[in-house]
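Everything on this sheet refers to the single structure shown next.
The chains carry the letters A, B, C and D, assigned in the order they are written, with residues numbered from 1 in each.
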Amino acid sequence: MSVSVQREAFDVGNEIAALTGNKFDIGAVASFVGLVRNMNVEHGEAAKVSAMTLEHYPGMTEAALEEIVTEAHVRWKSLAIRVIHRYGRLEPGDAIVLVIVASAHRGDAFAACEFIMDYLKTRAPFWKKEEGNGAEPARWVDARDDDLTAAARWEKRE
Amino acid sequence: MSVSVQREAFDVGNEIAALTGNKFDIGAVASFVGLVRNMNVEHGEAAKVSAMTLEHYPGMTEAALEEIVTEAHVRWKSLAIRVIHRYGRLEPGDAIVLVIVASAHRGDAFAACEFIMDYLKTRAPFWKKEEGNGAEPARWVDARDDDLTAAARWEKRE
Amino acid sequence: MTIKLLYFASLREALGASGEEMALPADVADIAALRKHLAARGDAWRALTQSQSLRAALNQRMVGPQAAVVDGDEVAFFPPVTGG
Amino acid sequence: MTIKLLYFASLREALGASGEEMALPADVADIAALRKHLAARGDAWRALTQSQSLRAALNQRMVGPQAAVVDGDEVAFFPPVTGG
């Protein structure tokens, strides 16, 4: 089970240990954790964020993440990959997403980990709704052009 | 204290928590763990490795790592960086090195983390001596041309 | 033919519905035609033809406007994704 | 003048020493001259001039052969690093 979509928090150390334990050919483990920030610079002068709620498309989410992980396995020499993405209501400092890639050498691990994050940002069906200071209603987060650009980098290499 | 050189093992989850706790402007945490592998493909047909001993240059090691971390802070928008490098005798599966970079956005975190690993590989005064299957004496690990190439990538961007 | 429709995020809120079972006329045979068919309901539904950025998934995979829709399909409409 | 010398890894083993305090003649004024001075001890010490890959650090920073050596300096010689 390399992909999980869940409400619950995760522990990075436990997840790395579970992925790499008893495998002695792993030399490199690259990982990424995405966290809720207390501001959104897209909305004017760094609008305050007090919480956010992640909605997703059950079924398609898991399938999209599995497909991205499979693509990473095809492109790089990875030995093990783990992706956890949370949904529901989260507060600043809470972890949203975890990607771990284990491989023999660090180049493959870093590249596959960054690729998964970039693809996930533009292909996995999650939507964020942010709560501000309470004075105005929660707002849906806009997709970022930066994320499209980041994902497009990997297309050119094919 | 962003850099530690120590014999003791470390816990990735604890280190990430210590680096990011009570900071709510962090959106991205990229980390890397290097592990002892049970083989060395440089020595003929994947020579078995039963253990390795890391020697270092106390004083210079810490200074070299601090300098690399400072350079990463200059080049990327990182909010917090942690580097731990172990020395002494380690066995396959044991962690050797940990690099964590926390930043607002993932591009900075990934780039700074990979940069630190690449520079550390060619600039921090550590030397590895590997024990094989016991039939022959321990051997010093040769520096890898791959690592020089990886470090040189970052020079070109200056 | 009958399909299952799902709406997510801001579209779900604008439509006031998260989905529905729907019987389709035979001439509504692809995603583009389905969007036009739904937009004809008026008001908030016009976003289905007027929003350039709106995405469609057919049986849980992202598809373009020409994708054929057949009996039993699950079709979802939603704004660009913002996970991660 | 007196300097502190350190040897690491395979060089340390080849020399059978991890370091020493050493009084230097006045004409041994840079890293290149120091390597020649040490190599004149013979045997394993010749690696200090013959090994292309051997690195030097002066007061805990990597330096080239032209770096000046003065009284009280700490000079280290070692093979290319292999940490990480």
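Definition applied: a contact is a pair of C-beta atoms (placed from the backbone, for glycine too) under 8 Å apart; a residue touches a chain by one contact, two chains touch by 3 or more.
None of the values given here were measured: they were computed from a predicted structure.
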| item | value |
| --- | --- |
| Where chain A and chain D overlap in contact partners, by chain label | B |
| Whole-Å gap separating chain A and chain B, where each centre is the average of the chain's CA atoms | 23 |
| Euclidean distance of C-alpha centroids - chain C vs chain D, Å | 73 |
| Centroid distance [mean C-alpha coordinates] between chain C and chain A, Å | 26 |
| Rounded Å distance, chain B centre to chain C centre (Cα mean) | 49 |
| Multi-chain contact residues (two or more partners), chain B | 34, 117 |
| Multi-partner residues of chain D (each touching 2 or more other chains) | none |
| Pairwise chain contacts, counting only pairs that touch as defined | A-B, A-C, B-D |
| Chain B-touching residues of chain A, taken from the complex the two chains share | 11-14, 16, 20-39, 92-93, 104-107, 109-110, 113-114, 117, 146, 150 |
| Complex contacts: residues of chain C adjacent to chain A | 6, 8-10, 12, 53, 57, 60-62, 76, 78-84 |
| Touching residues on chain A, where the partner in the complex is chain C | 34, 54-57, 59-60, 63-64, 85, 96-97, 117, 120-129, 140-144, 147 |
